[in-house]
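Data block below; observations after.
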Amino acid sequence: MELFSYSLRKLATGIPLIIGVTLVSFLLMVYFGPDKTFELVGKNPTQEQIDEIRAQLGYDQPMVVRYLDYLREIVTLDFGNSESTGERINALLARTIPVSIAVALPGFILGNLLGVGLGLLAAFYRGRWPDKMIMGSAAIGMSISFLIVIIAFQIILSSSYGLNLFPVRGWSVDSFGDYVSYVTVPTLATVFVALGYNTRFYRSVIVEETTRDHVRTARAFGVPSLQLYCKLILKNCLIPIITRIMFSIPFVVISGSLLIESYFGIPGIGKVTYDAIITGDQPILKAVVALTAIMLVVVQLLTDIMYRWVDPRVSLK
Amino acid sequence: MNAAAEELDPVGLSDAAPESLWTKGLYKFRRDRVGMWSFAVVLLYVGIALGVWLGFWATGWADLAGGKWEPVSGAHWFGTNIIGQDIFDRAIYSTKTSFEVGLVVAVLATALGAILGAIAGFFSGSWLDELILWLMGVLDSIPFLLFVAAIAYTLQSIPEISKYSMHIAMIVTFWITAGRLVRGEVIKLKEMEYVDAAHALGVPEYTIIFRHILPNTAHILLVQATITFVAAIKSEVILSFLGLGVKDSMSWGLMISESSQEVLAGFFNNFLAASVLLFGLVMAFNLFSDALQDALDPRTVAD
Amino acid sequence: MSSPLLQVEELRKYFPIRGGLLRGVKAQVKAVDGVSLVLQPGQTYGLVGESGCGKSTLGRSIIRLYEPTAGKVMLDGADITHLSRNEMLPYRERMQMIFQDPYASLSPRRTVSQTLREPLDIHNKGDRDTRDKRVRELLDVVGMSQRALNRYPHEFSGGQRQRIGIARALALNPRLIIADEPVSALDVSVQSQVLNLVADLQREHGIAFLFIAHDLAVIQHVSDRIGVMYLGKIVEATDSQTLYAHPKHPYTRALLSAIPLPEPGRKRSRIVLGGDVPSPANPPGGCPFHPRCPDAMDRCRTEIPAPRELGTPAAPHEVSCHLYD
Amino acid sequence: MAEPLLRVRDLAIEFDTQYGTVRAVDGVSFDIYPEETVGLVGESGCGKTVTGLSLLGLIPKPPGRIAAGSIEFGGRDLATASEEELRTIRGSEISMIFQEPMTALNPVFTIGNQMADVLARHKGLTDSQARTEAIEMLGRVGIPSPARRVDEYPHQLSGGQRQRVMIAMALSCNPKLLIADEPTTALDVTTQAQVLEQINKLQEEFRMAVILITHDLGVVAETCQRALVMYCGKVAEQAPIEELFAQPRHPYTAGLLSSIPRIREDRPEHLPIIAGRVPDLLHLPAGCRFAARCERALDRCQTEQPELGEKTASAACFNPVPV
């Protein structure tokens, strides 16, 4: 019950964020955005034709009404139809979001697990050669553009100039084998790029924790190193770790990996968003923005609840 | 003159020149070999970019100087692209583009973050802080690429500015990291007793913020500026690749975009030239930034 | 008797604890809860108590680093409790502060001369040359060499930094200095150096001090009058000799007996208090000291003792304790 | 006299800094006998804490290391012992408590959990045995309602109580030696009195030796039988308490004793002071480290380093204060 009322209050405090995000994107995309009337009407249009198109696009309504319409769409979770294909946006999301999750999830999990593991290892050997090796590799990994990684991995793993092990592009989940063959290269690329950043972040969090007084106490009472790092220190580091992981979830789920999906031609939400950006398909963009903001508010709530679960000093107030 | 006076000094100060924290930081940086090497590489890139800017080299980046996909030769060091432009010139020219984006975004985003972060931190808990925090939260919640596209939309009608829509989008999103860092630091610093002392002397609030507090975050800002520089360069490449970035000019992102079809046909020069130059700059800058951070870390500098 | 330099009447400073959805005030931390004191020109009032008793908050409320919640602060007979930042400016010349932490009280990126010139600049004292001269003079007064001028704080030891902080407070020739634990962060051998300096300033420049400390041994050397604070209230106040010779309040007695003496073999009957200082957010009812008091009676649990005058008009001795009712 | 429990000889501890190597402790020797309380006194930076940490191999390395000397304890040399060996000793035969009770305990585990962990490791107790034992120990150090407190987290306790928990944890395996590093410095005077009383009482009950590291000569006078005064990485003087306070031989000890602020019946115009400041460890003088601040310094003091004698009461000084 306490949890429930806390959740309600927390969600309520998310409203200004949602309003802010929608307002900013509405102002940019719609208020200051391009007038699409003349893209849609034919040559030498009559005034009636123009008016009809404008009414269809809602341009005849005042801006305030159009923004309130947007808010109504969010509350009812009904974002209308795509301007370019006419497809129901809800159907579009239901079709593409699972694809995006399927593409991004393995890389996301692996990238963070390996990041924590390597971060622990580097922190444990701080200043000695395993640390230098890991951090050196992380610096190299961080310095290679995502784009280059994708192209290079495609050449090396998927093209006839390299190992030619996986399909060049495309997507299929007809069988588990298909899934593996299509998801491997995107996953490897994601892990490669994320690992450098993650390892650095997790190592610095862990190293910071090792300088705390309670770690010296633990050593003064004979706690073995393995237990010290994997239990005592790690539990104290969970708050920044959880924060980092949780807050990247909305961007992984809703906007997907736009670059990966458009490069590999994977029909996920990222590709849809990219196409919508290129064609200026506002209803889709508005839906993506709104959903990201809502997800962030929910994630914030979940994160707070998880904080209490890992740190007794945090209370739900 | 009081009794407990001069006797205190004999073992006091050394005769060496006064040392600021910067002098100490410089001393430490000089002894960091990786830092010095990476700094040298960064300087090399700066030289290249300056040369392009002054018109010393890579002036022919847009000329059709040869045939399609010519291999590496004395005339074309990295060969030519699909329409016969010199890849070496184009790659060198792109260095200037990168620095332009990197410097503009790093300087302006860090400055904006410093000012807004300092104000939010100093007045933490007030409506001003709430407003700035809300703005940070909002801008952080809009997917980056969408934001760039939206800004580009908005500025379409103003041609003089529209070619900077990428810069503006980056500044508007990248200041947030600096802003949060500075805000956190200022919240800590404003509790320091030297700030109380300034209040007790009647120093005006904005003088306290900008003369007493903000200079003590300078090391954070400098490091954050280098990090933003790298982020801007990397984003520029991806945005240009996606067609949302540089137009009417040359950039490594555009070269990679050109090459994405070529590589499947087995022509790698465009891709390699852009990637290697980009990697070199980003790597050198990352290492430089790390060394700078170590050198300016007050925990090790102060004692 | 001359007119008082500083008069504090029933001063209160409450800090709100916020919580809930609209961040309403859920509770109050009563850091300073109705304190009155009077300080004559050139005198030193020692304020002593354990951490969390509100002594620092009191000092900071007097110099308006905190906005007092209620009560009155009068400097030279003028009420300064609610003056605006600008109106306060002329009073800041007369009242300055020195701080506890010699590592935090000087801005690390400003040289000694920049730090010492600032008060003169803010208050428009003289021209360039007179300001330069004044800065050199200040270093002299606190016993530092002129070589310190262009150096940064981190090049100095704790004791030297504390001297620079004192020089900054002296720059405007104040009549009152609030010293918030100025020696507690220093090593023993340096503490005495700074205490001697404070005593000299008091004697030679006629500056009055409100000297805040947790250590009864430190405060004795500089104070004319001493007030003992517990949970936001002054529980006993009298002149220095009387307090050490005839402490009345059970808390003062416990505090005195708890000081470890550097005299081995001298066995004393020590009053060891039970428990810890309660949180000022949730103070006990009645006398705030009753849960730890060895002499607590029934009425102490319910009734807050009022200050009682036990001394003479010439040597006042105020105690807030039911034992003396 | 009995065999010493701990025998430290010529201990030297170095730290690498960016400006060069610093010897924080330089040639320190002392013995600790069973069941005695010895004070290790000095001002900040004199090397007292580092000496304490080195006894358990807790010097952070890098940048620190034991550069020379031996620490004999129970037939082993702790200065050269392996990490495994040290681990079996830490918290069981030698325990240590620290200055900052607020941060010394792990904030995300209950105090019972942290205590039980020590008991399980060193005494091989099961979880429920360890818990019972932990509750008993909490009671013995004067924590009210220990059975309830055992399941609380450190942030729910006050500073004084946390320090008691640390003491309970330190004594739970009956150590032969307790190293207490400024255990009451962060506490208020009235709480300090409680905690010192508790340490004295427990020392008798547990029959252990205590090394009390502190800057407060008052605390030493009230709790120790012997003391070593450290200055700038060296022992300046060692003596039984009564002797040390009544007749300090080293001018530094004498200066320190007279400069302590204490309650006096008559107020002197000036408190006695030690002029000058402690020399920088990077630029140590060739002779006695106190010479530049010393009123009794001879020519010889500027060039030659005085040695501490072997006797239980001795001062490292060429011109000691006459008795």
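Letters are used for the chains, namely A, B, C and D, taken in the order the chains are written, and counting of residues starts over at 1 for each.
In the analysis below, a residue touches a chain if its C-beta (ideal position, glycine included) is under 8 Å from a C-beta of that chain, and two chains touch if they have at least 3 such contacts.
Because the structure is predicted, anything quoted here is derived from the model rather than measured.
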Any chance you could check whether A-D or C-D wins on number of contacting C-beta pairs? C-D
Identity of the chain that, by mean CA position, is farthest from subunit C: A
Quick one: most central chain, C-alpha centroids? B
CA centroids of subunit B and subunit D: separation to the nearest Å works out as 49
Please work out the Cα centroid separation of subunit A and subunit C, and write it as a whole number of Å. 54
What's the distance between the Cα centroids of subunit C and subunit D, rounded to whole Å? 32
Where subunit C touches two or more other chains simultaneously, the residues are 157, 159-160, 193, 196
Among all residues of subunit D, those touching at least two other chains are 270, 273, 277
Which residues of subunit D touch subunit C in the complex? 43-44, 158-161, 188-194, 196-197, 215-222, 241-242, 245, 255-257, 259-264, 267, 269-274, 277-278
Subunit B to subunit A touching residues, read off their complex: 134-135, 137-139, 141-143, 145-147, 149-151, 153-154, 156-157, 234, 237-238, 241-244, 253, 256, 259-260, 263-264, 266, 268, 271, 275, 278-279, 282-283, 286-287, 290
Residues on subunit D engaged by subunit A in the complex (per definition of touch): 56, 58, 62, 83, 86-92, 95-96, 98, 100, 103-109, 117-118, 121-122, 153, 155, 166, 169-170
Which positions of subunit A touch subunit B when the two form their complex? 16-17, 20-21, 24-25, 28-29, 32-34, 139-140, 142-148, 151-152, 154-155, 159, 161, 168, 250-251, 254-255, 258-259, 262-263, 273-274, 277-278, 280, 285, 288-289, 292-293, 296
Per the touch rule, the subunit C residues reaching subunit D in their complex are 50-51, 157, 159-160, 187-193, 195-196, 199, 214-218, 220-221, 240, 244, 254-265, 270, 272-274, 276-277, 292
